[in-house]
Amino acid sequence: MSVLEARGLAIGYRHRPVGEGIDLALGAGEILCLLGPNGGGKTTLFRTLLGILPPLAGTAHVLGRPLDDWPRAALATRLAYVPQSHAGLFAFTVEEVVLMGRTARLPRFATPSAHDRAVARECLERLGVGHLAARIYTEISGGERQLALIARALAQEAIVLILDEPTASLDFGNQLRVLKEIDALKARGFSILMSTHQPEHALRVADRIALLKAGRIVGQGPRALATAEALAALYGADASEVARSLPQLARA
Amino acid sequence: MKLAGQGTALRLAVLSAPVFAALLAAFAFGPYPLSPAEALAALWAGPSAESDAATVVWQLRLPRILAGLLVGAALSAAGAAYQGMFRNPLVSPDILGVSAGAGLGAALAIYFGLSLAAVQALAFAGGLLAVAAVVFVAGQVRRHDPVLVLVLAGVAVGTLFAAGISLVKVLADPSVQLPAITFWLLGGLNAVASGDLGLAAPLIAVGLLPMLLLRWRINLLSLSDEEAAALGVNVVRLRGTLIVSATLITAAAVSVAGIVGWVGLVVPHAARLLVGPEFSRLLPASLLLGGGFLVAADTLARSAAAIELPLGILTALVGAPAFLWLLARTGRGGA
Amino acid sequence: MNRREYLVALAGLSAMPWTGAMATAPATLHVFGAPPPSDRVRRVFAAGAPAAVLTHVLAPDKLLGWPWPLSAEARDLLAPAARGLPMLGRLAGRGSTLPLERLVALKPDLIVDAGTVDATYLSTAERVWRQTGIPYVLVDGRLADSARQLRETGLLLGVAARGERLARYAEEALSACGDRAARRRPGVYLARAADGLETPLAGSVNGECIEAACAVNVARGPGGGLARVSREQVLAWSPDAIVSQYPEFHALARQDAFWRRLPAVRDGRLFLAPSLPFGWLDGPPGVNRLLGVRWLASRLHDLSARTDWVDFARDFHALFYGHAPTREELMRLPGLT
């Protein structure tokens, strides 16, 4: 059973369609990695799947229910979004940032309780950054911020995670750290839809990949789909150059 | 449901000390020749005592102090909410044009020679009208970042109303109406009688209620709209509620005290430095600090010289350097 | 005729008996351009409110219009001929509400302006004269100079005899205080605005009537114009009398707990002066205040006098405004009921 599914989805804005005919399925406990060039419609697709942007046509289902049927707060308890780590404007503590993830489970006028705080701290611990709880979010490194944002998603107690380029603008060490945590999340049973600009990361963590170009899914399947030729066609590059950069790719 | 953690309660208690001192000073000092000891004794004696000291302390100073607390708290709370909502620590409650609207309402009322109560009412209505116009205009533009659109619409509408004020000033009789308009726009608490607060206080209380109830969720508005929505918050509704709330309290405060700038900008900043940006802590800190600040400024306004120094000028004299200092400081760390 | 020649001509007029007093006084008029001979002045534009009142009392038939919108109630108290004069707007540099083109279209013989003259006003007047070619006369002086203003402007407008008559009234009204209030000049607070907390400071042009009535303006503070004050400050000043032209404030003072406690209000020395057609004490700060000065002086010092203020006002109106309203009309004025 797919936890997240798109059927014939057309995405875009009122006067600017971005993509159409998108069929996507994320199975339970699997990692689906989205690859594609800039401007391909990734962000728009994520926004649509999160229910933030209305689809222009087609349907999306989360845990078997149509997206339209999900009230916002209820959706947030099942489906969580992890954006790229951003600098942050106000000096919230890391614990407060993670606590924001608990909001969907709080009654409307409530503030986080001791239990919520405990959950937040535990999410940080499981990601190995429990020591950052009292630090200021704007003062920690990019990699640590990304982990904090993942902790926030976990604090929602969601089972489906959408990660938007989780390794972007991170140094190599931090990239490895984040990828390791993504592996661990899969081991814990989370279903993950993520995007990345680095095919080698997809090859490392993904169970399946999908290729998104100019608003259309031009390929979807197991890791082996990512051949040098396929990537060259996707990114508009030369296949031999791709093979040189990524020697681990299978040749078609 | 706790309001604040352990460390914060201590910090708020510490914050109360200077505020309390400002209150005592406000009772003790003023243009009437009364020594601080006499004033405090009169305060202790109660309002029914027949002496001049009792009149001064209970009929004259007390309403002003209450008004100062109320207006300062209101403006600071609105500023704190807006700074989070607009994701910009340099925002003041006037950003959506409420002060310009209130100023125009008051100027028109003075120009047409209406009663004092009418001036207050029209100022309040003008403030609400200006923000309603801004929200309406912003709602028509769908393309860009909604927060940016609000700010730009606020600038445009605010400028329009300010031009209206200038027009009224030109048409006003320079010997009678113009001074009255000018003084009103500069802000001051000297005309406050206890009756004025009877209307403004409940309005401010009603306006603060949503802020208080939603104090946790407001934190999420400082994230991008997408993130907040993905975390389960109805961003448009929350923002709308906050704008209504902040506008209500700001319009009420301006209708009582005229246009008093800088309080809504600098006080939340200072409060944020003390207790952090988390709104369920920031709100009480802003309320406390704002009330104390304005009471202190008002004490200065009526005691420094025989004439009243307009409150807006005093808050600017303190606020602007404080703001520049904060600006230089935030270059180093987070806001 | 430039300014110097004009003054020479004025000096030449000193042969006339009634100008004897004037010839020794310093010049009150600052003239730009050459005003026509006084018997040929027909159309006079008043640049501001005090000048309009000055022109109206001297030569009402020559005034072209009012610089501010005179209310219907004010007009009803004026002479029928003056009631229909249009509102033209004022000339005040940047604060003008009358475009210069329209001014020229009115074809005045003369522009008259009155008030304290400083470098700004002088340069503004000169500029208007250069741009429009219309002679501009600035009548310098404050309330104390009223007699001189009336005489010299009377000469200018070709109504010397009338100017003399009004000047005599002014001299009597402003006669030195001397024995009056010899013991102590009472402290007076002039309350403006509906809440009474706006006041002219001692020395300002808006509060001159107080000093002219042989009293002292209690409002002392930095600056020399209008100021806002607090009630506490008024309590500290403890004025002997409170006077105002604002009926709303007067009503407030009579029923508000704070104001009623003040000695001035408690002992019945809270006075309300009419403000129609022109303020008795202020608004505009012109010769209209001569009425208020006598009234205020009498109420402050001649406590036993039982003057009929309605008759008093009627006489003043008849002399200055050329029209005596009926007793009923005057009694409708706030302060005279």
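Order of writing sets the chain letters: A, B and C. Residues in each chain are counted from 1.
We adopt the following convention: a residue touches a chain if its C-beta (ideal position, glycine included) is under 8 Å from a C-beta of that chain, and two chains touch if they have at least 3 such contacts.
Only a predicted model underlies this, so the values are computations on that prediction, with no experimental measurement involved.
Novice: Give the chains in contact with both chain A and chain C, ordered by label.
Specialist: B
Novice: Taking all protein C-alpha atoms shown, work out their mean, then name the chain whose own C-alpha mean is nearest to it.
Specialist: Closest to the centre of all protein C-alpha atoms: chain B.
Novice: Round to the nearest whole Å and give the separation of the Cα centres of chain A and chain C.
Specialist: From the centre of chain A to the centre of chain C is 80 Å.
Novice: Suppose each chain is reduced to the average of its Cα coordinates; what separation in Å results between chain B and chain C?
Specialist: From the centre of chain B to the centre of chain C is 42 Å.
Novice: Using mean CA coordinates as chain centres, what's the chain A-chain B distance in Å?
Specialist: Each chain reduced to its C-alpha mean, chain A and chain B end up 42 Å apart.
Novice: Write out the stretch or stretches of chain B touching chain C in their complex.
Specialist: Touching chain C: residues 30-33, 52, 55-56, 59-61, 64, 115-116, 170-171, 173-176, 179-180, 183, 188, 190-191, 193, 302, 305-308, 310 of chain B.
Novice: Give the list of chain A residues in touch with chain B in this complex.
Specialist: It is residues 14, 47, 50-52, 72-73, 75-77, 79-81, 83, 86, 88-93, 96, 100-101, 103-104, 106, 108-114, 136-139, 152, 156 of chain A that touch chain B.
Novice: Which positions of chain C touch chain B when the two form their complex?
Specialist: 49, 68, 92, 95, 97, 192-195, 197-198, 201, 206, 219-223, 226-233, 235-236, 248, 256-258, 261, 282-285
Novice: Which positions of chain B touch chain A when the two form their complex?
Specialist: Checking each residue of chain B against chain A gives 1-3, 84, 87-89, 142, 213-217, 219-220, 222-227, 229-234, 272, 276-278, 280, 333-335.
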